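Both complexes below contain subunit A, partnered by subunit B and then by subunit C.
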Partner chain A sequence: MKNNFKDLATNFVLKYGVIVALLILIVVFSLTTRAFFTVDNLFDILRAVSILTIVAIGVTFSVVVNGMDVSVGAVTGLAVILSTALMVIWQIPWYWVIIICLLAGAGIGLFNSLLIMRLRIPDLLATLGTLYLVQGLQMWITKGDAVYRGMTNPWSPIREVTKGFIPKQFLVLGQGFVFKTESFRGIPVPVIVMLFVAVIAWFFLDFTRYGRAFYAVGGNMEAARLAGIPVRKYRTIAYMISALLATLGGLVLASRIGSGAVKAGDPYLLDAVASTYFGFAVLGLRKPNVWGTFLGAVFVGVMLNGLTMLNVPWYIQDFIKGLVLVSALGISFAIKKESR
Partner chain B sequence: MKMAVLRGEKLSKKFPGVVALDDVDIQIESGKVHALVGANGAGKSTLVKILTGYYESYEGEISIDGKKIVLRDPREAFQNGIEVVHQEVDTQLVPTLTVAENLYLESFNGGEFGTVISSRKLKRKAEADLNRIGFPLPVSMKVEDLSLHEKQQLVIARALIHNVKFLILDEPTSSLSLLEAQKLFDLVSNLKQRGVGILYISQRLDEIPIVADHITVLRNGKKVAYFDQVPELSQIVEAMLDVPQGNLFPEKKESTPSEVVMKVENLAWKDKVRQVSFEVRKGEILAITGLTGAGKTETLKLLFGAYQPEGGKISIDGVPVKIKDPTKAIEKGVYLVPEERRREGLILNKSARENMTMPFMKDFCRFLGRIIKTVEIKHTSEIAKRVHLMPLDVERQAQYFSGGNQQKIVVGRWLGGNPKVLLLDEPTQGVDVGAKREIYKLVTEISKNCAVVFATSDINEAIGIGDRILVMRDGKVMAEFTSQNADAKEILSYAAGVKS
Partner chain C sequence: MRRFRAVVLVLLVALVLSAFAQAQIPKKFDNPKNVRIALVREVGEGSFFERYLAGAQSMARELGITLLEATANGDMARMVTMMENFIAQKVDAIIVDHGRPDPLMPKILEALDKGIKVVTFDLVVADDRVPEIEQDDLLIGYLISKQLAVDFAGKANVIYVNVGGFAPLDKRDRMWQIIKWRFEGIKEVAKTGAVTGSTAADTQTRMEAVMKEKPEANAVLAMWDEFAKGAVRAIMQAGKSSQFRVYSVDVTTEDIQMMIQENSPWVATVGTDSYAVGRLAVRAAAALVGGEKLPKYLLVEPQLVTREFLIQNNIKNMDDLVKALPGLGESNLVWPEWIKALIEKNKK
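The block that comes next holds the complex of A and B.
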C-alpha cells in the first residue's frame, strides 16, 4: 500500500509536475500582483512567447530525429533583416518578401542536411558552421546597418535615402489583433500563428505515419532504415522544417518590431533549445514533443513575466531560468520509469 | 625465458539457466601453441573471459607452475603475465593516438613518464623497445591508419614489452586476408621461439595443422576431446559436431517447390562476398550456413539493398532488378529479419505495435497520413496471436520482451506485407528452445507461399530447417546439399576449411 502510494506520487510528479508548477506560479503571481490574472495579460504572455514557441517547435523536429540545429537563432535573425531590407531598401511587395524569406529558410535547412548527411559533419558542428555563415550573410545584406524607414541605402554609391517602408499588411503579422469586441482587445495574431503551428506540428508528429517515421528515425536509425523508412529523406525534411519555422519566427519578429535590428534572432537559440528539452519533462514523456515544447516556452514566459511584475531584478532572471530547467530535467531523468 | 605452465582445472561458469562452461581442464605451456576449437556457443569465449579476469567469480582452480592464483580482475591476469588479443582488436586500442602512445597506455596513469610527457622521449623509447623485440611498426602513425594485422601486431608487441608469459589469441584470423593470415602464422611461431605460451582460439580447422601443438575441442561448454598432437582433421570435425536435438523442427514439406522467385548471379561485395550465385524457389527454404564472418550476413544485406553490390546480378521473377535501398526491396516483396535484433531490428522504446507496422504504415492511413489506430491495433493483435507473442500485449515496449519474443515481433512485422522472399539472419540466436521451435514452425508456415533464405552458423539448424543447404566460407559458396544428402560432418568440413 505504502509502495503503491509512492509509485503513484512518482508517476504524478513525472506526468504533471511541470503543469502543476505552472499553475502554482500563476496562482502565486496573481495573488501578489493585480495585473497578472487578466485575459489581456494572459494573451500578453502568450504573445511574448509566440516567436520563441515557433522557433522551438522547429528545434523539436531536429531533436526528434536525434539531431540538433543550433543555426535557428541566426536564421531567425536573417529573416528579420532580409524581410525588412527587401521592403525598405528594394521596395519589394510584402507577399513576395514572405515567399523569398521562406525559400531562403528552406534553402538553409537543405544546406544543413547536406553538411550533415553528405559530408557527414556531426550535426552540432555543421549547424554551428551554418550559424556563422547565416549571421555573416545577415550583416552583409545591409553592410551591418539596421533597417528602418528613411535609412540611407548602404548599397548606393551616393548613399541616397531609401523610399521603401514596411506596409501595414506585413505589420499585422506581429502587431495585429483578431476577434475584437467592445470589451475585448482581441487575440494577438502571433498567438494565432503560434497555435496554428503547434496544432499542425502536433497532428503531424503524433497522429500520422510521417510523425511515426520521424520518431522511428530518432529512436534507432539503422532499425528504421532496415524497416524501409527512407531515413535520409526524413532527416532532410526535419532540418528544413527547423529552418522554415525559424524563418517564420523571424518574420513575426520583424513585423512585431517594425524594423530590422541586427542579430535580433540570437536570444532565441538558447531559449528554443531550453524549451525543447524542458518539453522532455512535461507529461513525463522524456522525448521531444510539441506540447511539451509549447508548455516549456510558456513556462519560461510566465516565469519571466511574473518575476518582472514582482520586481525581481533582471540580472537574476537568467539564473532562475537555469535553476528551473535543471530541476525539471533532473526530476524527469532521475526517476526511472518502472517497466510496464 | 623460464618454462612456465598455466593450468586451469575443472573450470566452470554458470549463468541463470545456462551452464556456459562445465568442468573444463586446460593447460598452456611456454613455447607451445594450444588450439581451442568449437562451434559458436561452445564456451570458447567464456573460457577466455575466465582466464583474462573478466568475471568476478568462477568455479575451478587456476595455477601457474603449481602455484594457485585467482583471476577476478583484468589487472590480476595482467600481473600474472596473461594477456589477450581480442577478435575485435580495436577495443584494445585508442584509434586517435599514435602507435607509441598506445604502446605505453597503461603507464600513463602510473607516472612512469612523468606528468608532462615528452613525445620525443616516448617515441625514442617506443623505437628502442620495438627494435629489441623485432617489430618494425611506424611509431608516429595514428592507430586508426593501421591495417588490422598491424593493429594485432601492436597489441602483441605491447604484450611482449610487458613480458607476457601467456598470450591468448581469440580468433585472430577471422577478419584477416590470406596474406595477412600467413604473416600472423609466422608471428605465432616467432612467439613460440621466445617461449610465450599461446592459447589459440579458432573455428577454422585448416589453420590448425599450421599453428597448433595440442588441441582441445569444446562443445556445449564441455571439453569433448583433447589431442596431444594434431590428428586427422576429420577427428576434430567429429568431436565438434553437436548431436542434433530431436523434433525441434517441423516436418519437411512433401510438395516440390515451384517457380524460381529470386536468382542471384556472381554477387560480389568487397572481399566479404565473392561470386555468390544461387536461386531460391517459392515454397522452399534455402539455408545458408558457414562460420561467423563467412559472408552470410553481407549476402543477405546485399539482397535487401542495405549494402550496394559491387558486381553481379539479382533477378526477381526472372526480371533483373536493382535494389538501391531497403525501401525498394520491401516494395519488391523482399524482407529481412536482421541479425542483431536490438540494434538493427527494433526501436526499443516503442511499442510492439509500432515496431510491427513500421514498414507498412501506409496500410492503416487515411487522409493526410493519419493513422487509424483501431485498425492498427486489430491488425497487430492478430499477428501477435499468430506468432504467439508472450505476453500478448502489443502496447508493451519492445525492450521489455524476452529475446525470443523480440524476434517474433521482427518476424511478425513482415507478415503484414506480402513476402516474396523472406531473408532471415540468425533468427534463433539468443533465443530459448521453446521460442526456437515456434520460430521454426512459423518460418516453415510462411515458406509455403514464398521463398525463404535462412542464414545460420548452426549446422544442425541448417539441416533441420533447410530444403537445400549452401555452405559458405570466406565469402564464397563452397558446397550445396539437399536435405536428403546433407551430412553435418561434410558441411562442417567445408565450412571450417578442411575440405574445399
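The block that comes next holds the complex of A and C.
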C-alpha cells in the first residue's frame, strides 16, 4: 500500500512534470524575493499573460481542427493600430471602435478559411499570406507611425494635429480593476476577460457536442465527414474564433498601453504557438486543450516576473526559460514512453 | 546710339551677375530633379523614424532633388540587396540609415568606387570619405545622468533600464557609469530592460515586478524612450507617480504627450529632433554630390527637455517644442552658400 502510494506520487510528478516545475519555481521565487508571493503580484502575473492567453486560446482552436493560424500576431497588431487610430485620428466613439475591430477580425478569419477551403491553399501558407497582408494594412493605416494623443494626422497634407484621444471607458479594458476593497487593489479587468474566454472555450470544447465535433474534425477529417459532421463549417468557425480572439487580445493590449505601438502584436505569435503546443504536454492529454494552453502562458509569465525581480539580465532569462521548459517536457514525455 | 549702349551695358551687367549667381550652384544641380539621392533605412516604424523621413522629404523638396526611399524592416540581408539595387541604378548618393557595419561595408566601398557618395546616420564606417551623422550619444548620456544626479542632490535609488549591444545605448551607458563614479550616493538598485518585438509593453511588465521588489527605488533612468514609455505606464497604472521621477532619452510628440499628462512621473528627457536630422542627412548627401568637402563627423547636439519647461510653455508636440527651444530645430551643420542659393532659387 505504501509502495503503491510512492509509485503513484512518482508517477504524478513525472506525468505532470511541467506543473511540478511551475510549483517549484513559485516556491523558489517566493523564498528568494520580497514581493513575488503577494496577492497583487500574482494578479500582475496573470494580467501580464492575459493577452497572450487570449491569443493562444485562439490558436488552440485552429490546432484543434488540425490546422494552424500564423496570422494571429499580425491580427493582434492590426487591432492595436486600427482601434487607436479610429479613436485618435477619426474620433469614432469607443463602442463603435470595438465593434468595427471585431468585425474586421471576423472578416480576416473568414478570409483565411476561404483561402484554405475554397482555394485549397495549405493552412500554414494561407495564413502566412494573410500575415503579410494584415501587417501591411496595419502599417498603411498610419503610414508607419505609432498612434498617440496629439499626433499629426498622417493623411493630412498639412500635417494637422489630431484632436482625438483614447477615452477612459476604453482604457478600463486593459487597466481597470473590479471588486476593489479597502485592503485589496481589485482584480485586473484583463484577468477577468482572460478567465471568461478560457472558461467559455473550455466548456465549449470539453462539454458540448460541438466541441467534440471540433476534436473529431481535427482527429480524422474523413471519418468526421462520413459521420455527418459539416467539416467545412467547423473549420471556418475555428479560423474565425482564432482571428476574433487575436483581435480581442489586440484590443486589451491597446488599452493596456494606452496608445497604438507599431507591430505590437508580433511577439505574440511565437509565444501563442509555443503555449498551445506546450499545452499538449502540461496535463498529459497529448492534444490541444484550453487549460494546458493557459498553464503554458502562466509558466512564461511566472518566469519573466520572478527572474526580473531577481535582477537576472534579460539575455540569460530566455536561456533559463528554455532550460526549465525543456527539462520539464523531457521528464513528462520520457515517462509516458516508458509507461506505455 | 547712347541709348542703345546703355541697354547693352545693362544687359551685360545682368548677364554677368546671373552667371556669377549660377556659377555658385554646381552644374550637376542645373536641373536638380536629375540628382537622385537614395535613402536606405534599417527600420521605418515608430514616431522617431516617421518624423525623420518627413524631414528628409522636406529637404529634398526644397532642394528640388529626387529622393528614393527603401526600408529593410530590420532585415540586414534586405538592406544589402537595396544597396546593390541603388548602386546598379547609379544614383548620385546613398544615405545609409542605421544597419550593421560588417555586412554593409563592402557595399559602401563598392558605391564609393563607382563614384557614388555615401553618408551614414548612426552607423560607424571606417572610411574617411564617408561622413557620419550621429546624435551625440555620449553627450546625451551625460546630460540626462547629470540631470538625475543634480535633481536628487546626489542621493537616489535608481532603477536603470538599458541593454548592451547597441552602439548608441552603449555610449549612453558609459556616461551613466561616470556619473555613478562621481556621485557616490547615486545607487543603481536594479537593472532591467530587453529589446523585443514590443519593447515598451515588455518593459511595462518588467517594471511592475521591479517596483514591487525594490520599494526603496525613487528614480528611473531609461536610456531609450521605448523603455521610458513602459516604465512610465507601469508607474502611473500602479498609482506611484509621487514616488518616482523618470529620466529618459529621445523626444517625440508621443513622448511629449506622456510627459505633460497629469501626474506624469516623466520629468526630463534629452534628445534631438529627428526631423532636423533627416534634413541634415539629405543636405549632406546633396553637398557631397555638389563637390563639397565635409567633416568626417557630423554630431547633432542634443537638448535637455524638462516636464516643467513643456508645461510652462504650453508645448503639446514637436513643432511647438522646436519653436520654444530653437537649439532643437534646424541643425547649423552643412550649409554651403550654394545650397542656400539653390533653396532660394527653387522657392521662386
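Assume the second predicted complex is superposed on the first by the 308 of 340 C-alpha atoms of A that agree within 3 Å, B and C clash if a C-alpha of one lies under 4 Å from a C-alpha of the other, contacts with A are read in each partner's own complex, and residues count from 1 in each chain.
In the analysis below, a residue touches a chain if its C-beta (ideal position, glycine included) is under 8 Å from a C-beta of that chain, and two chains touch if they have at least 3 such contacts.
All figures in this text were calculated on a predicted structure; none of them were measured in a lab.
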item	value
Which superposed partner A:R159 touches (first subunit B, second subunit C, both, neither)	second
First, second, both or neither for A:N220, with subunit B first and subunit C second	first
Partner chain in contact with A:T308 - subunit B first, subunit C second, else both or neither	second
Which of subunit B and subunit C A:D145 touches, first, second, both or neither	second
Which of subunit B and subunit C A:D44 touches, first, second, both or neither	second
Touching partner for A:T33 - first (subunit B), second (subunit C), both, neither	second
First (subunit B), second (subunit C), both or neither touched by A:R256	second
Which superposed partner A:R209 touches (first subunit B, second subunit C, both, neither)	first
Greater residue coverage of subunit A in the superposed arrangement, subunit B or subunit C	C
Partner chain(s) touched by A:I229 [first = subunit B, second = subunit C, both, neither]	first
In the complex, subunit C residues that touch subunit A	44-47, 49-50, 54, 163, 190-194, 196-198, 200-202, 204-206, 208-210, 212-213, 215, 229, 233, 237, 253-254, 256-258, 316-317, 319
Of subunit A, residues touching subunit B in the complex	203, 207-210, 212-213, 215-216, 219-220, 222-230, 287, 339-340
For the subunit B and subunit A complex, residues of the former touching the latter	304, 306, 325-327, 329-330, 336, 338, 343-350, 354, 358-359, 361-362, 364-365, 368-371, 396-397, 400, 413
In the complex, subunit A residues that touch subunit C	33-36, 38, 40-41, 44, 48, 139, 143-146, 148-152, 154, 159, 161, 175, 253, 256-259, 261-267, 304-306, 308-309, 311, 313-315, 317
